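Please find the structures below.
The two complexes that follow have chain A in common; it is paired with chain B in the first and with chain C in the second.
What follows is the complex of A and B.
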């Protein structure tokens, strides 16, 4: 912060508008208050439980996207990796009769391998991440359909859902997990060498390489982590639903980008905000929940979501303008 | 022709221009001088509609002119060459030159490529840019890109031509071509504004000079009768001593870096050696292969044959990471914007990036932002980098201050061997002297070795104590006795000229 930000509420406010996650924080808070006042069922424990679980789910999906976005790339195969993880786990448990915890490890390994696959082509051959992950999303999706034949796996053991359905003192377990993940993300991108190198690679890959950072490795790492987060999200999905649906991941692409962008992670790479994720993940969950509460025709849901995302981006644009223009005191 | 009336402009934390008025006349070359961050580029950008002033006005031929954007400026035949390189990397050189005039080549919905390339070629010849016009501009060196940008501005037939440090990475030769062109434009009644930190150029080609300091107008006066020392005093408010630094302590016999028979796409058997505690200068025209050699040494460009020895042992360097972490060799890029800096990141991040590994210690896992910030702040102070805060993003600094950051990150890296490519592009006289002092001390006090690539002859003479002359990717001559005999600058220039002829 520069000198004039010190002191006074005005200074604090101005500092706040400089944060890239400011719009997400404001929008989420406003929406939360509106829904609390405007609808009857919003604040019920049952509804809150679901909203916060959905928010946590969103955050994990979005982290999968954000990790590649910060190095200046993208992952279009995120949903397919999620779907494949679900199918691998479901298939292992139901058809092959493998122990659930081993199935989970297999699932996570699937995500890591898919991420490595993307990362290998992107970093080794310097291919565009759009093209590579577009192609690989078809490859992974084909595996999903082929292995599952479209059938859901419903014989998921009870203990598997303890994470997704359980709570401690009314707070969903998933929320604790999300908070843990976000704290790790915050610390990693602030204090760890790897995190800072990832950010530098996203800021300007050429300059980062010429500063002694192995940018190829950073791309590989980011894509691998992206795959890992996709499969973590998939595990949570099974745990929350109690079944392993091959259709899992169908809407992850839009959710992941929406949460990432609204949370203040620049699409051009180089920045990230853990707090922003919390709020934008919640925002997406609130929106879906609120639309249902308000009795909006569910078939039009995605139209509303699209409009809201556009609105959020516009607000962000305005914010950036205001932050840029604010003068000296 | 163009009058600026008490214009002010502020950015968060900075008053960049404070009530500045300037008169530009047709047929006159007007120098705009000032230290880094004095507000020169800001004033130029206001004159061509990129920034709008907070207060004050601009008059063109006596009529009030409000420029909404740069397009407006072009319509009023005002054209600018930016300080920073701004090209579309994958488009051809010709397209880049004609970028803002593509509509002139429209044939219905199509582009008349033949005419476009022919016109571009004609302007390339004018500025002396000798590269294939249909090749992508990305492969060009910084100086060649700069020439392309000058060609772009010249080809628009402007009445007011704004040149923001056009010569910063050119050698005397290309600059001379440019000055001949400017003289012609001047006869044609064009008003030229010329920003530079090379004061010799001001004395040579300009008619009038305006000096800014801290955003304030200090003085506008004719050049006639001015001399260099007086110009410096107007700019920085004090006089400066001569930049000649005497001799380095006799470098030992130890060869720290040896290039043997490099062969590659560029070179056909090139060799040189660098001794401990030596400052070796590489001089040559733009495109003579100096930067290519540096990049081959640090593993950015491949080589097909040849050997590289560091401290006498064969070295395998495949990337800057190897060079920096295994052999303590650093490379300061000539192209700060594309290769040197992460523009969106803070000053501190950009400076400390080369020492992150070391800050993280043996575990190589974590480091504290505080330690990082200390390193950054120390360099900000040593190089007098002008920034409202250490956490300011680098893109908001003035060009010269960005250059200081680009140098700072490699000075802080504490390399044994530093290859410095055009260290003071766009840096003002005062700051240039302090950067020279730091480089000099690296060699004279810390016994480090430096390879200095520079197109700035006075800089070469002030620092290098052995000079290799490059021409068309070969070494054509060596000035070996600079550390034992003091030659007048003219003599050094003449000797180099003979090798180049």
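What follows is the complex of A and C.
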């Protein structure tokens, strides 16, 4: 092997370790290979369809969280916004007899309004996002229970499920939608001024403010987008299940943080990776699916999940150390 | 002719390839004492029929987890499922996918909303059980006084049925006032709500009815403590037969409990799947298989299991005659 080749491979490796999503890519690839070798039916089209569909759902849930994490905040009301969106859509279609496409618009508008509500209190009164979204999660959840009375809405038209259940050449429709959303996220944060301003606000709010960025507006925007993505995830869930359940969103908080953190989004804000989302969303789906196929005792699923998150954070810490050292060299 | 012959061979080969052998699985939402009791029935079925059932316990009560778990088993070749539906509405979406893949599903413990792709629901008639419990409690109260009806989460369709059943019985007793408490999720919450209801009514509560397992556990402990301290007896009726509940009945603190046929939920749901895998079809209008209940009091607390076994045997004999056709 020539010196040039060695330098080339070493250079590639150095470049790879500088990526914030490196640990997610490695962990997911390793798990994918392990499950493929360790189980007979992991790679069957039926199983891959289910795994990728679940991964797409995870990505949309996590995008709702990541958009506030990059500005240094968090959204504890993400699941409740999803639940409220589901109830608004279900109630509009089943009880009010509204056309499904109008109901979806109402659902998305609900997500946007909830996000605006959070963003207003966080940016206008400089309140901590933890406290504001904790309080709003109770408000939204109360509305979910109050409107629905705990009753699921099952009269969802069959056409509504085309997106969540359908496929093109065996690839779930939701995967195409996920890819589109991730490309938009990549382009927005890589090339648009607005995206850079959002990242700058999360990286160092004071420095961003001094450089002329209206950080309050960025916080408002990030929270509004968070609400929007929560409502998109809710629409996809209805489409996948064919019913609108008020219990939707109850388990989103852990998924949203896990995918966000494993995907390389720093909890202190300022960084995001579309590729990281793809791999970490897939990782979560793989974990649940693969453990069952391997016959591992799923009583301990949460333990495995916690270990993987901790491992990802540790690998990220190591990676950051190595990348910093190589830069210094 | 040769082409026709070749086509026939291809068709036969395709049929053989697609006629997957029956692989049975039992899926439950999360670790729970109820499922432990049902599992005994599944294990007895395995022993009686010499088959192996894949027994999978999910991590939580979310439909997302149930989707992932059941579909992973389906991908692994399992095609006949006995499932506790984590969500009565959304589970139909999951079952649709299983049935489209050529599989069959039997609900146990609870039903999905009808119409449903599930072939059967082997379960307690929860409304009838709640009515039986309410009748017994009001009888103990002498047909008058104040009773507390402690209900679990309203999202559970069984809660609504239990609520309706108790309300129906109450119509017959105008001298009974009911205080309804709903939304109980944990034993701690149930204990707080029972204490609150009794305290706020200043000793005027004559009876407490719990139609869910978690509130009944709290009720058993509350009535034991209450009677030991105050030397007063509040009539109490619950559901399920956990040792704590049975202990409270034996000692006279709790008056009765409705024992569900949990063994039957496991055994009979697997038996129904076995018949389905052998080509039998569900009889129209016989979707729900009432697994039966027994009222357990101090008088039969040590013998009631024999009564439940008799119920299971009777339904076992009825399955191929009444519930399934060739």
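Here is the rule we use: the second predicted complex is superposed on the first by the 313 of 329 C-alpha atoms of A that agree within 3 Å, B and C clash if a C-alpha of one lies under 4 Å from a C-alpha of the other, contacts with A are read in each partner's own complex, and residues count from 1 in each chain.
The rule is simple: a residue touches a chain if its C-beta (ideal position, glycine included) is under 8 Å from a C-beta of that chain, and two chains touch if they have at least 3 such contacts.
The structure displayed is predicted, hence computed values, not measured ones.
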Quiz item: Looking at the overlay, does A:191 come into contact with chain B only (first), chain C only (second), both, or neither?
Solution: first
Quiz item: In the superposed arrangement, which partner chain does A:210 touch: chain B (first), chain C (second), both, or neither?
Solution: first
Quiz item: Once the shared chain is lined up, is A:250 touching chain B (first), chain C (second), both, or neither of them?
Solution: second
Exercise. Check chain A for residues that touch chain B in one structure and chain C in the other, and list them.
Key: none
Quiz prompt | chain A - residues contacting chain B, complex | solution = 1-4, 190-194, 196-197, 199-200, 203-204, 206-214, 266, 268, 270-271, 324, 326-328
Practice problem: Report the residues of chain A in contact with chain C in the complex, numbered from low to high. | Solution: 39-42, 44, 46-47, 50, 54, 57, 145, 149-150, 152-154, 161, 165, 240-243, 245-247, 250-251, 285, 288-290, 292-293, 298-299, 301-302
Quiz item: What does chain C use to touch chain A in their complex?
Solution: 31, 56-60, 62-65, 67-69, 71-77, 87-90, 92-94, 96-97, 101, 113, 153-155
Quiz item: Which positions of chain B touch chain A when the two form their complex?
Solution: 10, 12-13, 15, 300, 319-321, 323-325, 331, 333, 338-345, 349, 353-354, 356-357, 360, 364-369, 388-389, 391-392, 409
